[in-house]
Each structure stands twice: as structure tokens, then as C-alpha cells.
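First the structure, then my questions, so here it is.
Chain IDs A, B, C, D and E follow the sequence of writing; residue 1 opens each chain.
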Amino acid sequence: MTEEKKKASYDALVIGGGIAGGEAALNMANNGFTVLLIEKDLSIGGKMIHLSKVFPTLDCSACITTPKVSEISRHPLITIYTGSEVRNINRLSDTLFEADIIKHPRYVTEEDCTGCQLCEQACPVVVSDQYQFGFVGRKAAYIPFSIASPRVAAIDIENCTLCGACEKACPTKCIDFTQQSIEYLVRVKTVIIATGFNLFDPLKIPRFGYGRYKNVITAMEMERQLAPTRPFNTVLRPGDGKVPDRLAYVLCTGSRDVTIGNPICSQICCMYSIKQAQLLMGALPMADVTIYYINIRSFGKGFEEFYDQAKGMGVNFVKGKIGLISEKENGNLILRYEDVNANTVKEAEHDLVILATGVVSNPDNASFFTNNSLKLDPFSFICQTDMLASPARTSIEGVFVAGTASGPMDIPDSILSAGAASSEAMSYIISKQ
Amino acid sequence: MSLPEKRNARILVFSTEKISDPAIDMAGLLKLHYPPTVYTIAVPCSSGIKPRWIIRAYEKGFDGVFIAADGSDCTYGETCTEKTGQIVSRTHQIMKEKKIDPARLRMAAICSVCSEAFVKQIKSFNQYLLQSLSTSS
Amino acid sequence: MEIEKGKTYKYLKEKREIPESVKENLKNYTRIKRTILDVLKEGDMTVGQISEKTGLPRHDVLYYLMTLAKYGFVQTGGIDDMDEYFYYKIKA
Amino acid sequence: MNSKIGVYICHCGGNISDYVNVEEVKSAIADEEGVFLAKTTMFACSDATQKEMVEDIKTNELDGLVVASCSPKLHLVTFRAVAERAELNKYNYVHANIREQVSWAHSDDKAGATAKAIQLVKSAIAKVRLAHSLDPIVIPSKKAVAVIGAGVAGMRAAIELADMDCPVTLIEREHFVGGRVSQWDILFTTNQTGKELVTRLYDAIISRENITLLTGAEVVASSGSIGDYTLRVKTTPRYINEMCDPGNLQKAIDACPVEVPDEFNFNITARKAIYHNFPSEYPQYPVIDIKNCTRCGECEKICKSVDFSQEGKLVDIKVGSILMATGFDPYTPSDGEFGYGQFGNVITLPQFKRLVDINDATLKYRGQVIKNIAYIYCVGSRQIEGSESSTGEETRGDGNIASHDISGDNRYCSRYCCTSVIHAAIEASRKFHGLNNYHFTRGIRTYGKQELLYSESLKNGDIYLQSYEDDPPVVYLENGDTMVKINDIMTGRQEVSVKADLVVLVTGMVPRADNSVGSLFKIPKGRDNFFNEIHMKLRPVETVIDGITIAGACQGPKNITESVSSALSAATKSFSYVSKGELELEPIIAVIDGDLCSWCGLCAEACPFDAISMVTKGTKEIAGINNSICKGCGMCLPVCPVNAINLTAYSDRELESMIDALAEQMK
Amino acid sequence: MASIDTQFGNDLKKFGAIDFNACYNCGTCTAVCSLSDEQNSFPREMVRLSVLGLRDNINASLKPWLCYYCGQCTTHCPQDAKPAELMMSLRRYLTSVYDWTGLGRKLYTSKVWEFGTIIFLSLIILALFVFFHGPMTTELTDQGGVKLNTFAPWKQVEIGDWIMAGLLSFFLLSNIFNMYLKIVRKERGLKIPLKLYFTELYYLVIHFFTQKQFSKCDTLETKKKFAFSSYWVIHWFLMSGYVIMFIMIVFFLGWFQTDNIYHWTHPQRFLGYYATAGLTVGVIYFFIARIRKKDEKSRHSHVTDWTFLVLLFITTITGILVHIFRVNGMPYPTYYTYVIHLMVLFPMLMIEVPFSKWSHLAYRPFAIYFDRLVQAAKKSV
């Protein structure tokens, strides 16, 4: 890396390469602005690229995401740093920010890697695959996942034994253990934060037994099982590989709940649970799927019809939140709940329980700015300071927010919000000129 | 029992550049094998395939033609599936007239990550073609 | 310092201590892989059967089986009479 | 016909060459017609090889390039760039995928893989032989956007476009801007009122020189396509020249003898034929409602700026793109639906909001003081088609029981109403003390942070009851009192009742009843009759009509924030159509053979984009392709009975030569 | 058809209910309750009835008496609607509903009435002693103890006890009869065979003495630590001490209020110590718990909770002091403390047993008994 490249200028810095950040970057680049896109993970595409199908149209998520992702990565005006983090952003003047960015070593020269996976075959180390939620293993030299972008190998240095097998196997000699972190000082006119959300950690609700009971999983874990690039090649319960036939969804896990500090509704869990239920009915025609809910929130375009469709397919909807989950010897689970319709407490046995975990804020949000403070809402989402007239505006002039960094949102709303953020960023740059 | 002359049927696949061709690519990526006598031509949209191209393939010696259609993911509009279906039925008509077994043309919607579905379809199509070839010869 | 391309691991090996846990993990995986493949030589088995033979917890058996399947050592066979558990076998 | 073709076959470091004998491939194709040079390379994509290719093309004056390597999804763009660097038109390059579709897919059969690779490369050579140089289609695009509808979405989009240095014409059918938002009092999440928000936006609009605001204006005709639309706009005069003295204006209004229901207040009050909606209404000139005016001349006597001589005008506006933000209508309950139009104290949510706004110390409706309010949810939303009154005993006959037959078929959820009514109830309770709010719901949907509002309302003591769609609440009369009863599922389906001074029907959003402008542009509608986007996630603000974007509630129910987000997105999209003053389109389009075509219209029917129309060529009527609309999908090709249509780069000759090449060894 | 009554909620707030309006009916509270079962599911139903103000349903419900306040429902309530505290206040409310005199309601909802009644009853005792006490002799018994029976002859005190016990029984039993009418007779058309009244009596007795339902009232946390709840052990200790003491005072006063000083293994002293220990440990435990507010069940205290604890505490302390002064031969302290003891004891019993907190000792087992009756009768039909 040469000195001058470490100091570069762009029109916009987009933090987060998920679907919102990508859309915002693309919008700006398509209108002639240069964009630097920073992604913490090894691949862009965010959470969406890992999903199975998306409601309410049931089109395949990867099919929507991958063309978009390749459009982003090929765009001449977009520069992407994956495996990189923004350490801080300093306002230099009214129209100029300076961002300190660190790119962590991948130990692979991205430009030379052809994605042939020979290093992966050669690597002897197997560790749990974070992209499959530990359902299978992966190598320490690996391509993150088959539709990753860039589709380039990386070395998991924490788990590497430095045996050199990958390096010997690599035909392009692109593996480079001498790589070190690179720091960039980048000057930009505007910043779009699209850092997305985290999923609620169900370990915080011990009475649901997540972590203790192997057959209690999160919906994101089920999402992987249903995706085309799934870990088991079919749906199996992780406790013992049984094909499940009585599945239960526990809605509002970590949402609408003051006891864990998140009183707001996550907005997406009802719909993704209904979607998964429909997909499960397709994948396991003999299975019963029950959704335990407080209120079904199918509010968006085509959502109510989608909910009706699930009812028509035989998905069982029970009004009542799950109170307790306990495990039987055979790995089945007993769910205790009040059937509000029947006005009585009941117990039901299921062989796989899926916790519909909610949306919580990404703690990175607050950490970027040194000489400006970014206002957050009580739930640590980024505060929209002029929510009605300028929904992407934040407490710092020239800094905009896109997607779920400002609160729970589904994919269409995230994309619209990214459109709003890029629009406001562009008009900001133009009007400041 | 004599060994059949060819072990696999020759199949021409019409794929679409944005949807089904990536799925066929991914089949390779996942090392899902299918007969190497399967050749792919990618076009923008499956509803733009002319019946004469398909007939040409039979005339030139292909045993089967498979249309890997866009299905509902088509970026050119919802009518794609319906129109591709019409092409298939029209071609079937011509095939009947030309005394070509209509079952030698198949179509299935292949989404951009439906690699397994593609391989499954091709394998079963290959089986069918081999069978019908051996019975007809 | 000029580092020979293709042998850069040696360079890092001098600078970086490999944690015991990483070495342990490698040994562990190699051992379990052998154990499971040995057991499967006796015939096709379900997760439960492998678990009984090896003493590994069922969820671990599933994890290793799926990993072995991913890297081409094992494949999924038929399903049992109750349509509950798949059999797994060594990949031909 | 290209005859100096260079072919490069990639080893991909073994990924290909381990299974495909690349040298065999090379020798097999080296003698193909037109092949000038054939090479194998370790990595075709490497910088060194790319430079080598450029050198080769330039020194040998190659006219065609074939690269056989990995999937074109990875490197099509790379090698197109190589061709362009060597000053070879990028469409003279053809890619053969021999990794994903050969070496990897057939790693179990090396001989088969090699054979397949040879055929694929030959087929690519066959195609490149026939390839032509193509240039992108460039059409001029006028840097101006028309925004139709000056509600909050339209106003916000107009401001955004103006700030991006793009001239905007903002066209509003009404005489006042602000749309629905101007009718609302305090808005959720900010403590701003709707009027304040509209005022802010209006001030922003008039301070921008590149926005032309037309009120009382309607688009009556449209022609052209993306980059070059012409809209014919008809304006209705206000009949007032300028603002007269406020005192005089009030006198003029008082003097007007005509009284008509005030639509601004959803007809719960009346207004005169000369009117404005509220004192700070924008534009601040009042207007004369000429349809209801009797021309008595009373106002003219008082206010000098009244001018009945004003006439409507027709203006033509030229723009490159159109942004539709025409909004929604609140659902109007049918007669007798939950007592609407049958009992005197049954009103809709919009009427209730106006009622709260216009009342001061005490909440009164038709002279009655209101204490107990029953809100009935999902009126006009989440309807099940054809489901009639489920409890047979209740008929409309005795007049004491409102039938609640749900005859509509708005199956969708209107999304905004739960939050809106809860917010209205909270605000009403804050303004008028001692109200009791009873919510007859179908399950509360205060999604996201709006949940906090529901919690607040519960803590305030509002009562929530719930039924399912098959057992809705019933409004009836008992001893002269209006009662609402429900089998509450949260109380074991016990039947409970409330005496209500006022029944508020929480009506949802429906598409605009008068949607002539949508029909004018032929914007497709979804199952719910709102305008339909191309793809909810990929292209959420674009319509299949190129150059026309949609924003706000004309696309489906949305709250203000969501409307504005979509308006800003649409503004970006519309801007990108016009920002460069021209549009570059892919040259892969349908081409008509004028000799064969005799215009049957089948191709025009098949085209999903309306790109084909009849043109006359000399004396003959033939099909004409609008190059700026055609997307090159090819849907028109197979329907032509005389095979008069071909797609550039996918012509019969090209396709058939490829098929022939693939089939070469079969006979 | 029932009519919604929002006033009920405001009324209930006077009995200590808070925040229950926040309930959004998810049912978590019912699901985490270890006492809730398919026949009797609570507390959500009670929260719901309270929000809607369906008095008739509430007045006829046994469910508040089946709850022993482990606090799990409140701990896990996602809306922080404090269902456990609502159940507690419903018990207070129902106590006042069963009480036909109307005094119960006044004592719960008005501090003036509560403290006025205590002072009034104390003054009666004081007056009785001022006018009728025996000689305040300083002469000691042979064993060196105070001659308490000279100052306050047990026969006369016993007469007072009997009058008090009669009053208590009258009020309590008539209230229980009122409860019976509201609950059992509410089931219109249900004929209860006379035999059942006797066969099901078993449940009344067993639940009165063991409070075994209470032992099942567990939090998820204590469940892990103990086989039964520690809270139940202490409460049972307190309850048994109280019952023993009550029986000794009312029925065996001559034996209990003796001038003799027995060896500590003598039943009179042993039982006395046991009862005192139960009362002391219990009272101090609950005092500390209510001050620390660490457990859910101790977090919210109605004014009557404190009054009761303070009265019980003073009674216990003065009782202990009377004993110490008496055996150590300190006549005047014995007499004065004795008077104070009765001045606190009398109002406490008069208020708490039929009209307030202590009535739950009777209402709970009766609730179970009535429930059994109704269930058994339904089964036999």
C-alpha cells in the first residue's frame, strides 16, 4: 500500500455493507458520487444475504441480494473495504469529515484470489462455522460462504496452526501471512450510517432454555436451515438430527418486554415466523407448526394476505405468550402458556422450538464520532431528529442514517430508508457546494 | 444385452443470464455432478426463446432441450412464466407435426440458487431420454 | 526483510504463538473424525446409534457428521421406518 | 463477419486444467474458421494476461475475442474492459464458462469435461464470428421532474429534487397544499401539528426558485416517454387576485349565502362557497368554489380582489421524469356499517380527529357532550370477502341494531390506523378531561417504537377489547342510548357492552377514488388497487412505466415517516433519470425486419413495457420499437408469426450457429 | 351481559392495586405461575376482570385465594403490570366484599378508620383496667414470680377473651357464609348433595393446617435451591405459633396465665416459647423483607400491611416482656406491660381476624373447600 492511498477522499462514507448501506451507496454512485463502503464482516450483503426466502412474496433472498451485491461491488465509483472498521470520525469543517478506518488483515491478497477453494481443501483445522451458527464446521482457511462477495478466501488467524498447507495449495500464491492491519485516513463530505441491528440474545431469558436445550433454536438459525446454502441439506433438529414434526414458534422473544429492557415491538418477527412456517410446511409436509403470539402484526403491503395464506395452509396460531420451556428426556420440549382464547393455562409438547428473537440496536452506533455526539434514542438506536420531514437526518449535520440503525424495520422499509438517506446526503452535498 | 452406444443423452439447456444461469454455475461450485453432455446457452429471458431454435437443436442431433425458466423471479415482468409456457406448448405442437416426441422438451423454473433442483431435473430428464432412446432404437 | 512468496507462514510462525486450545482443537477434530469414520465402517447409522457407539453427545455427533459431509467424507443415506432419523454412511 | 479472432483458454491454476485438458481444447479449436490465435493461460484475469491480450488485439488487429474461463458473472466486465482498452468494441467479445459449468461440474469425468469445453469454446467462436460492434443507445433526458400531488410526500420530494439542482413542477389538484397531513392536529412522535409541518414544507418550497407550484391544477394529457414527457396541465382559477384584507375577507365569507359541507372537516361542519380551510392555509389566498357559487356577488362587494373573470388555463410542461404522490382516500363506511349513517353519533376516525381539533373546552358532537367513546377498529381493512353479518338475529329491519356486514374486500391491513387512533385517543384525553376510551380491536398493531404509545394508552386507563374477524362488535340502540357490545376474547369470550356517547369507526386507507391521473399514465395497480411498484425490495419506487416513480400512500398505506422516506427514495430515482441530461441504454434491443413485418400487433401485446407500436414505413404499416423503452427481454420474438423480430446479439443466425457448433460432433 | 365499569379500577387502587392497567393480555403471568392449572388459571383472568371492572365475576371468584404471592408473575410480566400485587389487593377487596358490616372496606380504604378503630379499642381495654384491675401487689410468689393473677385474675380476663372470641367467630363465620353465598350459590342450578359437604371437609382441614398449596408456590430461583419454599416454612412457623397462642389464650387461659414458674420443658412454657419464637421469627422476617423490598412479594406494602406487622410485633414484644418481668419478679413493669400487651392484642385481633389480613387464614382453606365442593358437585351431576 502506498502512502497516498492511505489518505483518500470520497464524497460519502457509508458505514455498513448490508442491504441498506449497499442501496444507499449504489444510489449515490449512480448519480455520480464517489462512495467508500466500510463493512466489518468479510462479505457485504448483511443479514439479508443469509436469509432463505423473504415475505410476503416468498422470493429467494439470495436471488435478490446477490445481483444487488455484485452491482455494488462492480460499480466504478464505489470502493469497498471488507473486514474493516471505522474507529472514529472527526469533523474538520462544515462540509468535511475525516474518518480513521482500519482494515484488518485477511491474509489473502484479494485481487489475486480466484475463489477456487483449494486452500480450504488443504486446511486441516475445523472450527465452528459462524455463518451457519455452529451447525457445521468450517476450515481455518475459508471462503466465508458460497455466495459471499467478494468471493475470496480468508484466514481465520485465531484458529490457524500456521501449518502452511493452504499456502502450498494456493495456485495464485495469494495467501500472505505477512499482511498487517492497514489504517486509512479518509476525507468525506457526508456520512451514512447503516450499521444495522443485532438480534436479541435469548440467553437473557433463562426460562426459555436457549443454550441449555439443544432443540431450542433462534429463528435466524432456522433461517439458515431453510436457506438454499443450508448446513444440513434438510431441516433437522440440532439436538440429535431428528426430522422435526411438531414445531413451535415463540413470538416476542426479547421484544415488547420491559423485563429485558426492550419494550418496543421488533416489527419483523411475526412476519418472518409466518414465512418460515409456510416454508416448513413445504419442506416437511407432515409437520405441525404452531405459532404462539400476543398480537400478529402483519401490517405491510401484502402482509395480511400472507398471514391469511398461512392460516389457510394449516399453520396453527395460538394467542398466548410462552411462559416456560422445559426439556424431556427424549429432547422434546414442554411449553407452558396461557391459551388466551380458552382462558386456561396449557402445556404443549414440541420437538423443535424456534425463538422469534427481536431486533436490538447495534452497540457500534454510538462509537464513531469524536468531536460531535450522535444522539441515540432510549433503546440506543440512532435518533431521527426530524422524523417526519427528514427521516434520515441525525443530530449531526451531514450525517444520515439508513435502515435498521434507527430502529426495527423490514427489508422494503430499510431499502426506502436507504433511499431517503442517500437522497438527503446528495442534496446536502449539492446544496453545500 | 449390448452396451448402449452413448452413456448420456445430449441435452441443450436454455438458461437465463440473471436467474437460472447463476444456479447452474452454483451447481458446479457445489460439485453437484450432471452429465457433461449438457450444454448451456444463456439468453436474457426464457420467454424470448424461439421455437425454431429448439427445433434446430433436435435437427442437429440433440436428444433433449431443457428450458431453465425464470419463474416468478423474472425481472422483466410477471407474465414471463406464462409466456414461457406458451412457447413450450407451441413447440410441442410443432414437434408433434415433425414426429418428435414432445417429452424431449422440458421446462422448469430454476431460481438463481436452485442448483440442486437443476441437477435433479437434468438427471431425471437424462434418464428419460436414455430410456426412450433405447426403446426407440 | 525479503520474504519468500508461498512460505509466508514461516514468517508469521516466528512472530506468533499458537494457543494450546487451537492445537487441541485440531487433535480433537482429527480424533473424532477417525472415530466416526471407523464406526461407520460397520454400516450405516443414525446419529443416535453413532452416539451410543462413540459415547459422544448426540448434538456433537450431528455437528461432526455434517462437517464430514460438507468436506466429502460422509453422505446422507435413507431415513428410518418412522421417518425420523436419517442414516449416514461413508461416501463412496 | 469477424475473421481475426483471439481465443484464450484459462487453466485457472488447475481449477480448470486439472479436469479439462486445456491444451487439447486449444488444438481442437485452433483451426476453427476465423480463429487467428489461440492461447492457454494460467490466469486469464491476471494483470499480466490482460496486458498480453491488449497487446495481441492491438498488434494483430483482432476483431473478435473469446475467453474461456470462469463464470461470466465474475469476469464478463473484466474482459469487456480489456476489449475496450484495446479499442475493440466490447460486444465483439464472447465468454465461455468452462469452470463452473465444465471443470467443476464434471470433475468426475475428465474426458467428458474436455469434450464439453471444446464444444462450448467452438460455440463461443461461432457467436463471435457474427458479432457486431454496438454502441449504447443515448437519448436526451430533460433535467426536470414533475411531482404530482402536493401532500407531504410530494412536497418533500419536490424540495429534495430542487436541492439536487433539478427544476421541479409541483402539481396539486386542490387549491391548497398539504394534503391529508394539513387536516391532522398534533402528530405522533413530534409534538408538531400537521399544519406546522405543512407550513414548514411550504416555506421551503416558496424559498426555492426552481420549484413551480401549480394549485388547482390537473394533468389532463400526457405524451412521450422517459427523458421526454410532455404533460398537459389544466388549472382551475381561484377567482381571487390577491389576499384581501383579513377583516374584509372574513366579512366576505360571512356574507356568502351558500353553505356546503366542508370536506376539509370531512363534512362534520359546513363552509361557504368562498373559503379557506384555516387561517394559515397555504397558499394564503382564499378560493371561490365555483361549482357551488351562485354568483350572487355579495363577496365581490366586500372584497375587491374577487375576480370572476379569471379563466382556467392549459399549460404544457416538459419533464424527463414524473413522480406520483397522489395519496389516499380514507375509507367511507357503507350505509349501516356499524351504524354509520344510521345512528347520529357514529363517525369515522378522520372526522373524529377534526372534531378534536375544532372543539375547545369540552368535546361535543351535534350538541351532545362526549364522555364515553367507543373506537371500532379495522373498518374498511382486513375485510373478508363476502362475509356477512355472522349473528343471524341481527337484521337491519328493526332499526335498533346496526348490521355489521363486512361487504368490502379490502383484505389488507391499513397499517397506520392502530397507532393513529391510539394517538388520537391520548390527545383527546389530554385535551378534554374525563374521557373514557373503549377500543374494540382486532389485535393491536403498533409496530416498532409505536408500541410505546400503546403502553402509554393502557397506563392511561384506556380499555382494549378484542374480537376476531368472524365475530365483530355490534352497535345497537338500547333505551335511546347507543351501545357497543363484543364477545371479548381476552375475557373468555364473555359478552361485554359499553354505552357510547360517540362511536368512532377506525377507517383505513383506500386508493384514491378519482384516479384519472393514474389511468392516464397506465400505472399498473396491485391486488389492493394501490399503485404497484416493480419489485418491493429491488425497485420499490419504480413503476414498469419507465421514468415514472411512485411515493407515499398512493402505493399502499403508510404513515408520514414512511411516506416521506419513500418520497425521498423516489426523488433520488427520478433524479437519476434526468441528472445527466441524457440516458445511456443497453444496445441489446429488439429489431424489426420491415420487409417481413405486416403489423399484426401480437408483438405489441406481448411486450411488457409498451415499447412496440404501429408505425408506417412508406405505405406499409409495420411494428416500431421505441429504443428508449425496449429492455431487450425478447418476449416479442417467439410470438411473431412471420419471424420478423430479432434481438441484437441474440439473432437467429447467432443462436443457430451456436447450436450448430454445440451439436457439431453429434451427427 | 356484563357492562364495563372503569370506576372499579380506581376503587381497587385504594386496596393497593397498581399498574395493572398496563396489561396487554399475553398470559405470561399465568404461564409462569406454579399454582395455576387448567381448572384454575390465574392471575391474567383476574387482571382482565379488574381492568374491565366486572365486579360480579370478581366477587364470585376463588382465584385470588389460590394465589400465595410468590411474585413470579410480576417478575416476568413484560408490561410491568404487577399482577401479583393485583391479586393481593383483590384479596383485600374480597375481604371487604365478604364483610357484610362494611367495616372491612372502611378499615382498608381509610386511614382514619383504621387508626381510629385501633385507638378506640385500645382505650376500651385501658378503661377496663383503670376501673376494674385487681390489687397491684408487689408481693412475689414462693418461686419469686409476680402475682399476675392478682392484678388481672385469669377468670375475668377469660370472660373477656370469650366475648372477644365470640365476636370474632360471629363476624368471621358470617363473612364466610357470605363468601359461600357469593361463590357456591352463584353457580345457579348446581345442586350440591349434602354428603359432599362432609366428604370434602377433609380439604378444609388439611389445607388449613398444612397450607400445602403454599408450599408449591415457588419461584424459578427457589425451586432450584430447595425442595419446598423457604417462605412457606417461615410462614407456617408463624402461623402455627399464632394458632397455638390463640388456642392457649382463648381456651386454656387458666393454664397458660399462671403464676407458677414451671421448668422450661413444661408444656406451658415450651408451647409458649415455641409460639413466641414462631411469631418473633416470622414478624422480624417479614419486617426485614418489606424494608429491603428485595423479593417481589415484599416490594409493595399497603398501609394495613404495616399496621398489622407493627401491632403483631408490639404484641409479641410485650408478651415476651411480661414473661421476663414476671419470672424475674418485677411487679410494676409486669402490670404495665400486660396492660399495653392487651391494649395492642385486642384491637389487632378484632380488626385483623374478621375484617382484615388475618382472615385469609380462614378464607384460603374455605376457598379450596368451596372449590372442591363445586367441582365434586359438577362431577356428580
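Please note the rule applied: a contact is a pair of C-beta atoms (placed from the backbone, for glycine too) under 8 Å apart; a residue touches a chain by one contact, two chains touch by 3 or more.
Since the structure is predicted, the reported quantities are computational estimates derived from the model, not experimental observations.
J.: Comparing the two chain pairs, does A-B have more C-beta contacts than D-E, or is it the other way round?
T.: Result of the comparison of D-E and A-B: D-E.
J.: Could you tell me which chain lies farthest from chain E when each chain's centre is the average position of its Cα atoms?
T.: B
J.: Indicate, using Cα centroids, the chain positioned nearest the centre of all protein chains shown.
T.: A
J.: Using mean CA coordinates as chain centres, what's the chain A-chain E distance in Å?
T.: Result: the chain centres lie 56 Å from each other.
J.: Would you mind pulling out the distance in Å between where the CA atoms of chain A average out and where those of chain C do?
T.: 28
J.: Report, in whole Å, the distance between the mean C-alpha point of chain C and the mean C-alpha point of chain D.
T.: 51
J.: Centre to centre, by mean C-alpha position, how many angstrom separate chain B and chain E?
T.: Measuring from centre to centre gives 83 Å for this pair.
J.: Where in chain A do residues touch at least two different other chains?
T.: In chain A, the residues touching two or more other chains are 57, 59, 67, 170, 256, 263, 295, 340, 343.
J.: What residues in chain E touch two or more of the other chains?
T.: Only 24-25, 45, 79 qualify.
J.: Which residues does chain B have that touch at least 2 chains other than itself?
T.: Counting only residues that touch two or more other chains, chain B contributes 22, 26, 29.
J.: Got a list of which chains touch which?
T.: A-B, A-C, A-D, A-E, B-D, D-E
J.: Can you name the residues of chain D that touch chain B in the complex?
T.: Checking each residue of chain D against chain B gives 71, 73, 97, 99-109, 112-113, 115-116, 119-120, 123, 535, 538, 544, 588, 606, 608-609, 631-638, 643, 647, 650, 652, 655-656, 658-660, 662-663, 666-667.
J.: In the complex formed with chain C, which residues of chain A make contact?
T.: 121, 124-128, 134-138, 157-164, 167-168, 170, 173, 175-178, 214, 231-234, 236, 238-243, 286, 331
J.: Okay, in this complex, where on chain B does chain A touch?
T.: So the residues of chain B in touch with chain A come to 18-19, 22, 26, 29-30, 72-73, 111-116.
J.: What does chain B use to touch chain D in their complex?
T.: Touch residues, chain B against chain D: 8, 10, 12, 21-22, 24-29, 31-41, 43-45, 47-53, 56-57, 60-62, 75-77, 79-80, 83, 86-87, 90.
J.: Could you please specify the touching residues of chain C with respect to chain A in the complex?
T.: 3, 5-13, 16, 18, 22-23, 25-26, 29-30, 46-48, 51, 58-59, 61-67, 69-71, 76, 79, 83-86
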